[in-house]
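We call the chains A, B, C, D, E and F, going by the order they appear; numbering starts again at 1 in every chain.
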Amino acid sequence: MTPSYRKIFNDGLWHKNTGLVALLGLCPLLAVSTTIINSLALGLATILTLSLSNLTVSMVRTLLRPEIRIPAYVLIIASIVTAVELSMQAWFHDLYLSLGIFIPLIVTNCAIIGRAESFASRHPPLPALVDGFATGAGFCLALFALGATRELMGHGSLLRDAQFLLGEGAATLQLTIIPHYDGFRLAILPAGAFIFLGFLIALRSWLAR
Amino acid sequence: MPESTLPHSPPMWKSATALAVVAAAGAGILAGIHELTRDDIEAQQQRAVLTQLEQVLGPITHDNVLHQDLIRVSDTVLFPGDQLVEIFRARQDGQPVAAVIRLLAKDGYNGDISLLLGVHYDGEISGVRVLAHKETPGLGDDIEFARSDWILGFDGLSLTARPRQQWAVKRDGGGFDQFTGATMTPRAVVKAVRLALEYFESNKDLIFAPSVPSEAPNAAPEGH
Amino acid sequence: MVEQARLAGEQIHHFHGGLRLRHNKKVSCETPLKRPSLPALLKIPLVQHADVNVQAHVHCLVHPGDVVLKGQAIGRFDDIGGGLVHASTSGVVTDISLQPISHPSGQSGLCVSLEPDGRDAWCAYEPVSDWAHTEPLELLERLLRSGIVGLGGAVFPTGHKLQRARQNQVHTLILNGAECEPYISCDEMLMREHPDRLLLGAHILKHMLGAQRVLIAIEDQMGVIHRVLNQLIKKPGNEDIDVVKVTTIYPEGGERQLIQVLTGLEVPAKGYPIDVGLICFNVGTAGAVAQSITSGRPMVERIVSVTGPGIVRPRNFIALLGTPISHLVAHCDGYTDDAARLIVGGPMMGYALSADDNPIIKAANCILVLTEQNIHNAQPEMPCIRCGACARVCPAILLPQLLHQQVVDELWAPAADNGLNDCIECGCCDFVCPSHIPLTDWFRYGKGALDRAVAEDERAEAAKLRFEARNTRLSDRKDARNERITAQKISVRQDARARIDALTNQAKDQEESGGLK
Amino acid sequence: MTRRFDLPGRPVVKSGAGLSGAPHFPPQITVAGVMRQVLYALTPGVIACTWFFGVGVLLQILFAISFALLFEALMLRLRGQPLRPFLGDYSAVVTAVLFALCVPPLAPWWVAMTGMFFAIVIAKHLYGGLGRNLFNPAMIGYVVVLISFPREMTQWLPPQQLATIQLDVLQSVLTIFTGHLPDAFSWDSITQATPLDSIRTGISEGRTVSEIRQSPIFGDFGGLGWEWIANWFALGGFWLLWRRIIGWHVPVTMIGSVVLFSLATYLVDPGAGPSPFQHVFSGALVLGAFFIATDPVSGCTSVRGKLWFGAGVGVLTLVIRSWGGYPDGVAFAVLLMNLAAPLIDRFTRPRIFGHDEV
Amino acid sequence: MREYALILISTVLANNFVLVRFLGLCPFMGVSTKFEGAVSMAIATAFVLTISSMSSYLVHSYLLVPLRLEYLSTLTFILVIAVTVQLTEMVMRKTSPLIYRVLGIFLPLITSNCAVLGVALLNQRQQHNLLQSAIYGLGAAIGFGIVLVMFTAMRQRMATRDIPVHFRGSPIALITAGLMALAFMGFTGLAKV
Amino acid sequence: MLTAVIAITSLCALFGLGLAWASRRFRIESDPVADQINALLPQTQCAQCGFPGCKPYATAIAGGAADINLCPPGGDALIGELAQLLGRKVKALNPDMGPHLPRRVAIIDEDSCIGCALCVQACPVDAIMGAAGLMHTVIQSECTGCDLCLPPCPVDCIDMAEPSLHRHWRWARPARADLAAVHDAVNP
């Protein structure tokens, strides 16, 4: 039985949010969320990969024997991620450089294989695509929230380096929220990433109480 | 992904074949995408290097392929710590115009500071940038262009424009500002830039030697 | 092995932890021992222990209305070795019913109510004229019927303890006079007033055990007793007896601690002193053995200290078992105005009672009454700050702070690993805890709960084995049957036909066994 | 007449409801008592600090205590805990004082605020408050402000004997409140590298220790002023030892390991690093050994564990001082050993009475 | 020698894989609140990481580079890792049932540990040779293991009941990891290269 | 393109062969993981999990064929232990399998028992004694409380009751006092 799209979205964005509830794909979440733009870039890459992988898996779901399902998914995902990586390298080179190995590491983001296994392999392509999108969007949301908090606390700005994602003209998008702000350096350090994510999850759990 | 990743049920070869097919399909598609993006990627990579070089070179004219005209040199006195220093050379009609030196300042507070230094053939600095460093955030990181204009203080200087004893931070009686609470970092950068200039001055000819020697001479010119 | 040279009358070993507490024994030692008047009614509980199930299997041997004589057996219990309970005086059984007894649970137990007839008439008894030439086995036989239990705290039937000890080679008998808990002074009074009885008990027990030597441990502040005992053991016949002074550190009187202090040996955690060739009796027990063997009479009374700041005139009594506590208190001129808590036992290990009409039992060495001021707690319970004070004083060398956490979280396996069962419930850790955590309460609870958890695990393991055994049995039976049937069929019909039939049969069998689900 | 007695278990006594058993004497020591004694023991050192570095020290302590109590009260309220027993246990005050002693005397007020927020709210109350924290709250607070406000945290004043300019009380208060010096002063003129910092930078510039020690900021064995502060803290520490509030294990192994290892390098090459004396009487080592590494809550609890804990703090301090990125390493060393403490406790359980192996 | 020591110090302490590099966090957070499990996981990871680090290197430099197929590295590395894990599992199950009893459960989980792929990719990017790759992998695993084991021991000491409700579970675990990262900042500058 | 496909395919083939060889070379019989899981299961053998006993369920979990939240007698405690053992996330007990109840034991009303022996066959752990035609009794200490003997009994003479093991007096769990009230009482 295919759940309603509304439920798919609710789950992906909030109730079963990968970053904040399921706690999968923590490494990229913490590593790249120093600024909003980095977060968004990785978030978009993840949405793309998830949607494509869910779609592909759902299309080939009847062809695969159960015992090779998972390895096959891994290969499919690895191929998609490499494709995304190549495209970023070609068209968003600065972003590619600043995200480093976390683009290829999308392969091991358990959320992707998890969705492939628990949703895409049991549902037709369209819902699978939507589920991939919703789950990815949930992850992107978590990334965005964390990135925004850390950038604001750490740099006192929002949307710095926007040109990396949106092209040269976007450099002016940067909002300096707190002028002459020296920066609360903990926010951009690894320790701060952990602590801020901890607070974010607590906040979500408080909101969802 | 709790279950194991590969099957262990009996018809092993069948599964292996199926997997190989998936992998082959993936590889095939990727090869296609790779073909498609290859040129763009190469262009982008060049652009990335060039942007960096041009930042420190400023507006100059040259007609060689800057990022490929590269030598690596070493000098035990001026480039301490056995480093191989990269020098990119800009030429116009085969004549030397300027060079970009990529080197490490070895005595930063927390480790090496990687610098990019653009210098005109006449020894005038066209620009300096810090590529990477490990200095204390908030204290020593004002050497970054992104955080302060301090690094622009080198622009237009040369060994002749500023006397040798002035190549130091103010606390040591020189002409460069230090940061409050962080003297070592600027001290290290100033020293590294000065040494690089000295090397450039004394080895100009070798650096711009038309035959492209892969290694410049190790011997340091005397007089330091 | 114990080295003779090391036992020059002073302790040379130490045990871990412990507390130096204010002694407070003098007040009750100044007045001589005395028997109180006969109370109007005795309530004799058939369970005389503090720490076993009050609903243990007990059998009453009399009926309401029966007339009993002093020393007549009136009940029997079967727990921990079993034993007899005797009438403390002569009189009429008025009632046999569940009554409040002196038990930490506050629960009721089966009691025989006895109305004394005032005659205090003994039943027939048979003294041993010459115990030194009587077979130890016969003495043991008498002891088993005498109702004597250990008076040091655990109330384990002395006859059984001796019986088990005789199976091992016991070389040293220790008499425990290190009465280390504050206020309690019944052992001290016994040693003051009847040192000869103590020595007699020592000789009898040594004879019964075949031990080579006897150590009497007393505290270093019992100066008078030390002198008297030393004079006594200089007399001929007492060459094998030594008196050792030990420093007064609570709980030096715990037998494991005492043994370590006297000999440097550690009694293995799951073992008993006899595993290292020793046995330990309370001095009161030795006195009771001496009395009972020489007179032939069972145990019907014990020495009880009635003391504490809540008592007007503290002192020691020789009390009949079953005497109401209030009767003894009345003989001490009653409570002071600020009396606030009634305790059976000492301040460190005793348990509180809610009313003073409870009877004296064999385990009751002391009736302690504390005042409001004594028990006033200046601070509520706070979280543990891991200061380690508890571990510093724990004589069992445990980490109470860790154990506490595990007991609170009900993590029984780690708690067992960390020695929950090795806790002797001495209360030292409680006493020093700046956070005022009732650690000992937690450990008492934990030990009970751990018992249950272990029993549950054992049951599961046994169930697993039986389940597997049953499965193999069923499948063996099925295999055998299949084989038999196949063999028959093959012999009668053609091969092909037989195979089909076998298959049908198999299918049928599967259906049958499918009923299992 | 039967007399009835209250059973233990009334609130005043022990465990609240239900039956409770022996012991029937309540303990004589209390948490607040322990913490108060730590505060008494800190007094000589605090006075010495104030003597050498001015009223700024007292002001920092005042600020830190106020913020600490504020956050403590706030968190107790949020967690639904009673205020009075926990505010009255003085543990937050101890945290605040120890934190304030690590902060430069003229640091602006938000340093104390941030530090106390991380110490009290995050390091302490998110873990469940008193006794539950895994990390030393004061040191968490200190490390957070150290990496977040490195500039403010390196503005150390010279001891009063060397100070050419001194701020009076009002100027100090203003500086702390505004974060800026009064107009007549500049940070570069009134601050000075600490002795440890000077040694670190000096060595990295290739000078030998004896050359570096020519500087007037050095005293007879440690830094001028700093060495006496260390002595007064040690005095307080000995008093705590005597009162049995702390055990000898941590201070002895911590200072001992620093002396041992620095002596080894010192004997090999006296010019390459500070002498053992210099190490012990510099920075926060003595304060750390008696007051910080001895924090019962975040340290090891078994005796052998305490020995390892102290030695670990000592060695790590030395490692960070010699090769790391910070002039002093006590705070990091304490936190790193806090990390390892549960593990150490696991492997250093004492042999239970009557058991064979550990 | 010095170079290898520096790689070790860097991966284990100064640039600890979990706390500074942010790799391998999912198993770090999720795997185990049980001490024995954490130790097993640490050992199993060390094993797999070292082996897969080396085999990825071999495949990369003897297959992908000669054929100019570097862009397929992600695909091949994940393949190599999966096979390494599977082989390790089989061999271990046969040769040492005792070790398998302890480690077996954790082996499949390792495939989804991004540190394993991360190490392979980083080796490639930092142009390590075979021995460097092996040491890098080992160092990463030791760093992961040490931190995991200490973290587990700490988590066991936490008193869940007293932690504010919304912080129970993963938030407090993350905050603890953050405070650990803070402590590990004391190691910055240790591996100056 | 072709190189890529050929290279990857041959790599796969190589790995496939390697694994195939290894799986033959290192074949083993029983699964130690299943034993570990079985050791945690309550051994009630009640089949509520949908498997004929605890061991089969353990094997199913080890093989990845069953989830860890199917055993009602084990309840949440068991799920926690399994999650720890297997490094999985804790889940709620699957309500389809029935609720978690405290352990009970069967007691046969000996007056009504007609000695049909049907319960004996049903009991998975041989906890019921008695010969056909005679009265039957449950050995209390061996009964796991699985309820399997209830349905077959034609006269409904079997009851489930609290086990006597739990009736022994033990010290109660200390309660924590209300700190605020206590503090006020202590410091008036």
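In this text, a residue touches a chain if its C-beta (ideal position, glycine included) is under 8 Å from a C-beta of that chain, and two chains touch if they have at least 3 such contacts.
Worth saying up front: this structure is predicted, and the values here are computed from it rather than measured.
Asks: Please identify the chain with the largest separation between its CA centroid and the CA centroid of chain B.
Replies: C
Asks: Counting C-beta pairs in contact, which chain pair has more, A-E or B-D?
Replies: It is A-E, judged by the count of C-beta pairs in contact.
Asks: Could you give the separation in Å between the centres of chain B and chain C, each centre being the mean of its C-alpha atoms?
Replies: 82
Asks: Could you please state the distance in Å, as a whole number, between where the Cα atoms of chain A are centred and where those of chain D are centred?
Replies: Spacing between the chain centres: roughly 41 Å.
Asks: Can you give the whole-Å distance between the Cα centres of chain C and chain E?
Replies: 55
Asks: Give me the residues of chain D that touch two or more other chains.
Replies: 11-12, 14-16, 19-21, 85, 122, 128-129, 132, 144, 147-151, 325, 345
Asks: By residue number and range, which residues of chain C touch two or more other chains?
Replies: Expected reply: 104-105, 377-383, 438, 441, 444.
Asks: Could you tell me which residues belong to chain B and also touch two or more other chains?
Replies: Correct list: 1-3, 5-6, 8, 15, 19, 23, 26-27, 30, 34, 110, 134, 137-138.
Asks: What residues on chain C touch chain D, complex-wise?
Replies: Residues in contact with chain D: 16, 104-106, 256, 266-271, 326, 335, 339-343, 345-357, 368, 370, 374-389, 391, 395-399, 401-402, 418-419, 422, 425, 427, 430-436, 438, 440-441, 444.
Asks: In their shared complex, at which residues does chain E touch chain A?
Replies: 19-26, 29-30, 71-75, 78-79, 82, 111-114, 116-118, 121-122, 125, 164, 166-167, 170-175, 177-179, 181-182, 185
Asks: Where on chain E does chain D make contact in their complex?
Replies: Within the complex, chain E touches chain D at residues 35, 149-150, 153-154, 156-159, 161-164, 167, 172, 175-176, 179-180, 182-190.
Asks: For chain A, which residues are in contact with chain D within the complex?
Replies: Residue list for chain A touching chain D: 182, 184-186, 189, 195.
Asks: Could you list, by residue number, the parts of chain B that touch chain F in their complex?
Replies: Residues 2-3, 6, 8, 12-13, 15-17, 19-20, 23-24, 26-28, 30-32, 34-35 of chain B touch chain F in their complex.
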